[in-house]
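Shared between the two complexes below is chain A, which has chain B as its partner in the first and chain C in the second.
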Partner chain A sequence: MAQTFKVGHLPSITWNRLHLNEASVETALSGNLPGSRYLSLPQGASVRTLSFAQALAELEKTAPVQEQEKYVAGKAPVYHPQKFGTGLGADYEQAMQDAGVPVEWIEIGPAEQEQTITCRMTLQDGESASCAQILHVGENAQVTALYVSESAEDAAGVLALSVRAVLEKGASLKLALVQLLGSGFTALSDVGLSAADGAGAELIQMELGADRSYVGVQPELIGKEASFDSAMGYLANGEQRLDINYNAVQRGRQTRCAMTFDGVLGDRAQKVFRGTIDFRNGSSGSKGEEQENVLLLSNDVENRTMPVILCEEEDVEGSHGATIGRLDEQVLFYLATRGIDAAEAQKMMVRARLGAVARRIPDEAARHRAQDYIDRKVNCDTCVRAADCPQAWNEKGSTGEKS
Partner chain B sequence: MSEPLLQIRNLCASIEEGELLHNINLEIRPGETHVLMGPNGAGKSTLGNTIMGSPVYKVTGGSIFFDGQDITDLSADKRAAAGLFMSFQNPLEVPGLSMESFLRNAIRQRTGKPIKILTFKRELEETMKLLQMDESYAERDLNVGFSGGEKKKAEILQLLMLRPRLAILDETDSGLDVDAVRTVSMGIEEYQKKRGGALLVITHSTRILDSLDVDYTHVLVRGQIVRTGDASLVKEINEGGFERYANEKEA
Partner chain C sequence: MANTQDIADVDRSLYDFRDDESDFYRLDEGLTEEIVSRISDEKHDPDWMREFRLKSLRLYEQIPVPNWGPPVDGLDMDHIATYVRANTGMKGTWEEVPDDIKNTFEKLGIPQAERESLAGVGAQYDSELVYHNVRQEVADQGVVYTDLESALTGEYAEMVREHFMKLVPPTDHKFAALHGAVWSGGSFVYVPKGVTVEIPLQSYFRLNARGAGQFEHTLIIVDEGADLHFIEGCSAPKYNVANLHAGCVELYVGRNARLRYSTIENWSKNMYNLNTKRALVEEGATMEWVSGSFGSHTSYLYPTTILKGDNSHCEFTGITFAGAGQNLDTGARMVHLGKNTSSYINSKSISKSGGISTYRSSIEVAKTASGAKSSVSCGSLMLDSESRSDTIPAMDIRTADADIGHEAKIGRIGDDAVFYLMSRGISEEEARAMIVSGFANPVSKELPLEYAAEMNNLIRLEMEGM
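== the complex of A and B ==
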């Protein structure tokens, strides 16, 4: 049964009439894992399946200890009662809990080599599924985690994804989330992570498909010199709706956060972006920056951007910027002097803008699938594809064999 | 004498603030090398851009014919497809678009034919070698993070790969050190001599001309061509500067 819940809360609320404080989702979450799911874990990793309530209780014990959150006027207390929150927020987790979504708790210790988690979900038309994981990355461990969701182009359904990560001292996580779902899907993707002293997370996120997408990311840089770097690419056209909430909470001293968002909106697509850098008490010497670049391909798109910097500490540097507009006339002329007409140039620039993010996906097959998805979506039948593009996933892993 | 490849008749071009080019007349035949010189702000780049079809400049009079076809009202991509090319003074950076992918797309667009990948790759490799460009540049985003010299080499790489019939080189030598000028000149020489291409070289200095066989030199002052001569005019300008042409009227 469909239920309505709020997601992607702005940590410091603004006028209600702007309709930017949060998004409202009406959908029915399922407690089932995707029917077709390939999960690969590194050797030595252990996995336990817990109920949502058990997982949250476990998280209380595992997450780095922090001082009691002070209530600041105007700030929604979205973190309580968790030690660290997620981008979509507590209501979403409650909805998952109500739906009986199991949580896979994955423990990964240090190893000589980088360790890789791959979770590939292929959904059928009409399928409603959820996938929730908590990654506990041990001290100095290096982990790459890849989540790819896909379906047939015109398939419909619901996918609810939740990934939390606890990074212990010196740990490093490269997280890639690639959403390539069909045009009738509702996709929810939620990330929350905590980073202890010297721990670093890199997030590469691509939102390319679905009809309705809700994306939330909340890194909490708790330890000294913890860091978070992210690159997000999105492409929405037709009647697509996309809601993005990134909320970087910098608590530790000398933490660093850099977030970039590159998007393309066409037709009558609508997008809301909330990007917050939140310097908390104790974050002296920290730096945070965010940059959004949006390419508008139509007069009918609706783009709303809400960059926020919150500051409880004096000795910090925060910056945000946004470039929103059509294709640069100079670039069009440059490409035209090479024989490329405006329509083709537009396709090339869309591919270029999103390709720059796609290229950072730490898996060749996933990279090519994302690029092919973009090509199909912009009807780029004349684009030159990579000759070595793997057309199929490797049966045993996500890295495609060259065909 | 062969028919002109480029024929400009009484060309006038403007921007909102006023007219920048006044009654320009110029003919370039296949394989010829023309040099366009002039002081800062004379309109050299404006002329190059107008020939190439930049939407910034509005043609308010006259005509441009290329290979017998009136291209005055054609868009830049159609002019390029007809065989025109311009090397930019400040090449643009295009994040996300690799040099190789860009070139393959451009060749495909210009020729309308599928590309033979192996032949393309071999030619690209050889051309990059000629220009002393590291192979890794083919995979890098177009001009992103390139030094000034590498950007200019990338322009010449495109010139050689796209094989236009007439190339306008807009201050290709500006900002380059002696070695880079030499390398870029080698590429231009290759285009001129082995590929039989015609050139309109827009320049302030004469270093880039050392290795080229110049057929005609034009001096542009305040939007007008005030003097046309042979290669010796380059030497004359080199020695005496542009001052003596400042008060000359249309050639």
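== the complex of A and C ==
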């Protein structure tokens, strides 16, 4: 049965009339794993399957204590009820728990070489599935974890994903999340990370498919010199709705955080982005930056952006920037002088913008699949069902008409 | 490693004096229908205004306190007197103003400023204006500058009724509803078509009474092709109980007109400053806000500009300095409706000694606003780790034909910059003060000289003892 819950809470809320403080999801979560799932773990890694409640209790014993906000823009904490914070938040955690989603606890110790986890989920039309994992990455271990979700292009269903990672001292995690679901899917993707001294996480995230997509990421940089580096690419057209909430909490000394978001919106797509850098007391010498670049291709899109910096430490450097708009007239003119018309130039720029993120996916097959997906959405000449593709890119770029 | 800084609190003796209010007329504390009706009686409101007040009171009772922003728990409306009047009417010359009130404004330098650099002055003391005057040559141009109560029943009654609380309706938020119920005092300005007022007009608001509220309403209409600079100043002595300022400013900028609205806000640090300011800008017109927020215990202040006309433009330049015990939530809101509209926000904030400064804004570009351009730049300076500085901007863009840029930076005074200045023979204290003044320079350079000097003086006082 469908239930409604709130996700992606802004840590410091603002005017309610903007409808940006959180997102509301109406969907039914399932406790089933995807029917078709390929999971590959490195040698030496151990896996235990726990109930959600057991996993949270275990996490509380294993992960460093996270401080709840003492103060949120003058209010008592409005929202932070989780012991181990994630981007989508406590209501999603509760919904997964209520749905009976099992959690795979994966222990990864140090090894001489980088270790790789691959989780590839192929969903069928009408399937509702969940996948929850906790990665405990031991001291100085180096891990790459890849999660790819896909389905037929016009398939519908629900996929609820949850990945939490505890990075011990000096550990390194390269996490890639690639969402290539069909046009009728509701996709939820929730990440929570804690990084001890010298630990670092790199996140590459691509949100390309689904009808409704909710993304949340919360790295907590607890140890000295912990770091978080992320690159996200998204592409939404048709009637797609995308809600993104990144909340980087910097608590350790000399921590580093760099987040970039590159997106393209066409047709009647709607997107909300909340990106927060939160410097807590004790984070002296830390740096945090975020940048969002959004390319708008239709006058019917809705783009809402909230780049937030919260700061209670003097000795920090924080910055954020956003550029939102259409293609630069000068770029179009230059390309026109080279015989490339506006429609083709637009496709080139979309491919270039998202391709730069896709190239960082640490798996060749996944990289190609993401690039093919972008090509299909951008250019229906290469789409296998060009004649009736519901996501055909708008040739005129700004009228909302289908090609 | 970062140096810690020991910074003294501002010397507020210039503003922190009180007058005896024993013979003042003061309504009971609290907010009831009876009190609102008595304010209406006091002011001889026309019937529509009496109904408007009562309707606003009902809205106030229904609308919740904001769930975002600084806490207002210390504000108990049952202990706020919404109407306090000195035993004097409004005067046209300073000589007629009672000595104690005149002395107050003399200490604040208002009569001197009027003589030297202003086209007209309105001085409000608690709930009522005590002085209003405009230079003859400005009046001869057809410029109207009067108290709002007179305008409500005089020649411009219909114009006032047409515009009063239409930009900021009482339904807007709880404190707009409060204002609609108990407003008192404030100014009405009308600048006729094509008239340029060469030197600024100024209103100065002084809240002397303990545990009282000030709810003045400023209504300015700048007609087609006209040009005006209006300055607003405010201060109050400090009490150990909460005072409240919930004023409202409504600005109408006609086609191809220009209005600059400058404010140096220096309320005492027991003040809840819950002020609402909004401008409607027609085709080809320009609105400029210059805003300095230094005082108050708690502030909610976000001047809003509705760029309704094609090719209209707005600039907002603001600085906020939050010291010990202060929680100042300030910023701006731009709403782009017309084609080829443009806006620019340049905001600076400084936090020290446990002060909390929040920059909050929104840029809203409607589907109709093709060709819109907006650029936001905000910088925050943290002077110690007891303080807090938050930046909470929003952008809501609904057309592809727009160019929106936003950048924000937060940080501390760089050791390199201090070292460089010290290597040139400047003391560390002076070097830090110079850097902060430089940081605030984009705002101070937009102010008339006297006000820029006042602002720099405030910053210097805040930075003493570093």
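The rule is simple: the second predicted complex is superposed on the first by the 361 of 403 C-alpha atoms of A that agree within 3 Å, B and C clash if a C-alpha of one lies under 4 Å from a C-alpha of the other, contacts with A are read in each partner's own complex, and residues count from 1 in each chain.
Just so it is clear, contacts are C-beta pairs under 8 Å (C-beta built on N, C-alpha and C of every residue); 3 or more make two chains touch, one makes a residue touch a chain.
The shown structure was predicted, so the numbers you read here are calculated from the model rather than taken from an experiment.
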Key: When chain B and chain C are modelled together on chain A, clash or fit   = fit
Task = Applying the touch criterion given at the start, work out whether A:310 contacts chain B, chain C, both or neither, answering first, second, both or neither.
result = second
Inquiry  = Under the stated touch criterion, which partner chain does A:341 make contact with: chain B (first), chain C (second), both, or neither?
reply    = first
Request  = Check whether A:53 is in contact with chain B, with chain C, with both or with neither, and answer first, second, both or neither.
outcome  = neither
Ask   = Given the touch rule stated above, what does A:353 touch, chain B (first), chain C (second), both, or neither?
value = first
More chain A residues in contact [chain B versus chain C] = C
Message = Looking at A:28, would you say it contacts chain B, chain C, both, or neither? Reply first, second, both or neither.
response = neither
Note = Smallest Cα to Cα distance in angstrom from chain B to chain C after superposition equals 16
Doubly contacted residues of chain A, that is, touched by chain B and again by chain C = none
Ask   = Considering the complex alone, what residue numbers of chain A touch chain B?
value = 329-331, 333-342, 344, 348-349, 351-357, 359, 382-384, 387
Remark   = The chain A residues in contact with chain C across the complex are 12-16, 18, 20-21, 71, 73-75, 78, 279, 281, 284, 294, 296-326, 398
Query = Mind pulling up the chain C residues that touch chain A in the complex?
reply = 2, 67-71, 298, 327, 329, 356, 358, 360, 362, 367, 370, 380, 382-385, 387-412
Chain A partner contacts - residues on chain B that touch it in the complex = 52-56, 75-81, 84-86, 88, 91-92, 94-97, 101-102, 104-106, 108-110, 115, 117, 141, 158, 162
